[in-house]
Amino acid sequence: MINVTVWGENRHEQLEPDVAKRYPNGMHGAIAEGIEANLGESVSIRTATLDEPEHGLTEEVLRNTDVLTWWGHAAHGEVSDEIVERVQRHVLAGMGLIVLHSGHWSKVFQKLMGTSCTLRWRSEHDRELVWTVDPTHPIAQGIPHPMIIDEDEMYGEFFDIPAPDEIVFISSFSGGEVFRSGITFKRGFGKIFYFRPGDQDFPTYFHEGVRKVISNAVEWAHTVRPERTDPVLLRYETEDFYNGRSYEGALDPEKQQ
Amino acid sequence: MINVTVWGENRHEQLEPDVAKRYPNGMHGAIAEGIEANLGESVSIRTATLDEPEHGLTEEVLRNTDVLTWWGHAAHGEVSDEIVERVQRHVLAGMGLIVLHSGHWSKVFQKLMGTSCTLRWRSEHDRELVWTVDPTHPIAQGIPHPMIIDEDEMYGEFFDIPAPDEIVFISSFSGGEVFRSGITFKRGFGKIFYFRPGDQDFPTYFHEGVRKVISNAVEWAHTVRPERTDPVLLRYETEDFYNGRSYEGALDPEKQQ
Amino acid sequence: MINVTVWGENRHEQLEPDVAKRYPNGMHGAIAEGIEANLGESVSIRTATLDEPEHGLTEEVLRNTDVLTWWGHAAHGEVSDEIVERVQRHVLAGMGLIVLHSGHWSKVFQKLMGTSCTLRWRSEHDRELVWTVDPTHPIAQGIPHPMIIDEDEMYGEFFDIPAPDEIVFISSFSGGEVFRSGITFKRGFGKIFYFRPGDQDFPTYFHEGVRKVISNAVEWAHTVRPERTDPVLLRYETEDFYNGRSYEGALDPEKQQ
Amino acid sequence: MINVTVWGENRHEQLEPDVAKRYPNGMHGAIAEGIEANLGESVSIRTATLDEPEHGLTEEVLRNTDVLTWWGHAAHGEVSDEIVERVQRHVLAGMGLIVLHSGHWSKVFQKLMGTSCTLRWRSEHDRELVWTVDPTHPIAQGIPHPMIIDEDEMYGEFFDIPAPDEIVFISSFSGGEVFRSGITFKRGFGKIFYFRPGDQDFPTYFHEGVRKVISNAVEWAHTVRPERTDPVLLRYETEDFYNGRSYEGALDPEKQQ
């Protein structure tokens, strides 16, 4: 059983009637439904949104989340730094993270990447073709090659990210741009997947293939390590390889005058 | 001509007489001398330290720095967040960065890596052997295989970093530990090299090979791009590939009720 | 159910009494027993050896093999080129391959890597410590950090291989050498794991941890793609993304004088 | 001074009048001219073609070649295995190699990659846009982003190659396909660049940007190691890190009955 938390900013849905109509249960609702449709009883899904206390991401919620999905766009700046650090800490300790579309510019993704995560874009009904370049990857299983999305926002290179550990998908757009659109990163003990498609102005999260990719990614991002632990800095004596000692400070009091 | 700024925390040298004796010009002084000895007139070197205003890293200094080297240990927490962000911004815009030894736990390195950068360690006179695993790499040129450092602090895996773009060196220690000790990362338009050897309690920065590696890294990290520019998020119209337009906000006023 | 074929050269066992005594069922026998001990009823294991017709690797055997393990040493040159090409073809079509220890210099591994696969070595009772540098990797699960092998042959860098897709383990030896000892590669639709420990002169394949690594690798190397297919070169007409046409030759008869 | 050998199959030019007209000095001639136009006196260029003795690639020629470029298409099968092995040996020893366009299916490239190097294609006047995804890379300097090629053959994914060390360029085509079109690999002590554009049916090798990329790649592929040496397998005694001994056979005569 994989515990999934689908996080949605949920602002466009409140402010823009066309988005509310397109996504009556919110974009987070549509994403959650897609995961459930694919993974059924092997997942337990909850949603959380920006306007909830602690954005719905309390320490307890994250401790009980195996994989977190993240969609944000209009209100990246309203996400509190404390929650961002909490999410980062849980990723480093082993929580899976799936960052979706405009989440590329979220504080959470920027903090884990260390880069600006900028790109080129255009919202003009481009057709997107999603090509698999790593056909052995579990996230690519069951996905057409190419996967066709009739209309979606365009994202193009240069995408300012670290070189991904794996490039699973590369997209082209009818305007001619290309984008590394399905990419994996390991950070600490956590696994991260960024997936490009999906926009408030298009019904992308109802697309069967997009839903399948996200569901595959949920399974992939779920760590195989038995428990969540923080990476630590420990001192080990010679020939004692297994019992580390916590850090006691950089300056030796006895050495100082 | 490469403009190099050698940043040193310069605290051990002030607080611990044995370190002051070992490094009479400071560790930053020894590092700067090593670069000068190898690169001579092709570099212009300045040093900067924690206790200077703005830690010696004003906007102007960084704008005129092609490659910054970073050594810190006892006072990582005293480095101001504003300067850390400034350094990150310059790296993403194209400044080279060489992080040395205990700088692995600096805010600057953590911010650019997105991970905890923790590891295992022991300061007990281990011999370090630095093995080249990427013999074609410019940073490895002229370095013995292995390079022997008679005594140094030990750093061991697991080192919590993103998978490096390139692993140039792997070290072993007489206690049996291993460490990815010379590793490269590209972030934004900047190039980063982390190099493990070097400690306040050992004369590592007088070691000829260590000095050669750092000097090679200075040349490598100096960007070949003609000017420093920030990665940006821009909108491009269809078929206009070269004239991007700045971001005007995520929410369309006309769409809202 | 994973179909595993454990291939052993089986020469040392015939020619050297001490090896025959150490490995009464052959090294291939010991490897097979270790996989069975860990994976039990989820695998179906057969062995094959050099002196069998077609080295025991007929087209039919390979077609029914999900994962092939390869140990050779004294008779790499006796493996027929035809069988090497057959193994390569099946790997590219999706068969998993685990190359063990001295198999680094086999024709099969060289053909798939494209390099000399040379290294430095010494057979002198070195202790090997196997350190995990990718703790999230499925192959590292349940393996001590470090894993200690009391005595084994030493392999050291420079190991002439392509940069691996993933480095799971790095070993040190009591003599001070280091080695990328657990590494993954994808080639075509197949997954390859090279694992260093294991020698005819040491009882390495009875080591619990070594057996666990090999067993984890069997599970990892088993492709998730539904069927085995050869990578192909096909022509696709504009807007027909799914129906490729076979190659009809590089020269257009109508264009020639 | 970089010694460059431009190898051309030179068959289309002899058999197809339109190609001969498009490339009056042969495709190899056009490629050589482009390198000379960009690098001038810093290179010494010769050409070699299939129909010369030893395909123009004698041991002496290769020994005196710093960087070899390779274009072939209609006659891959006529390249002798002996010459292929010779080229591989020199690459592993440090010669740079630039594989162009249809050279993806050459024996030389397949041998160094270990994969089928197949892909999807169409020769129908697609426009190619070449996007830079590694803007810090020396090969990308001075190249427009995107670089536009008005008409060229299409190559699309899946391209069956090992995951490249670096992806410098990704192309899209007007038909919507994408391709990893500028990619680097290190093999042994040699550096390899594959570059997609260029076809006998289009004047691609007269394109200024294409010529600049190839010229940048010549400079990049020229090794910085001081001399050409074969990767070797050597035995090293404990604590003697620098004096290896050649291999004397896998079986110990004294151990056999």
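Some notes on this structure:
Labels A, B, C and D are assigned to the chains in the order they are written; within every chain, residues are numbered from 1.
Please note the rule applied: a contact is a pair of C-beta atoms (placed from the backbone, for glycine too) under 8 Å apart; a residue touches a chain by one contact, two chains touch by 3 or more.
Quantities reported herein were computed from a predicted structural model and do not represent experimental measurements.
Of all chains, the one whose mean C-alpha position sits at the greatest distance from that of chain D is A.
Chain pair with the larger contact count among A-B and B-C is A-B, by C-beta pairs in contact.
Put simply, chain C has to spin 180° for its C-alpha atoms to lie on chain D, with the angle rounded to a multiple of 5.
Chain centres here are Cα means. That of chain A falls 28 Å from that of chain B. Taking each chain's centre as the average of its CA atoms, chain A and chain C sit 33 Å apart. Mean C-alpha positions place chain B and chain C at a centre distance of 37 Å. The multi-chain contact residues of chain C, meaning those touching 2 or more other chains, are 129, 134-135, 145-146, 156, 158, 163, 165-166, 176-177, 186, 241. Those residues of chain C whose C-beta lies close enough to touch chain A in the complex are 94, 129, 134-136, 138, 141, 144-146, 148, 165-166, 186, 189-191, 223-226, 241-242.
Touching chain B in their complex are the following residues of chain C: 127, 129, 131-135, 145-146, 156-159, 163, 166-167, 170-174, 176-178, 180.
Put simply, chain B touches chain A in their complex at residues 11-12, 15-19, 73-75, 88, 92, 102, 105, 111-116, 118-122, 124, 126, 156, 158, 160, 162-163, 165, 175-177, 185-188, 230-239, 241, 244, 250-252, 255-257.
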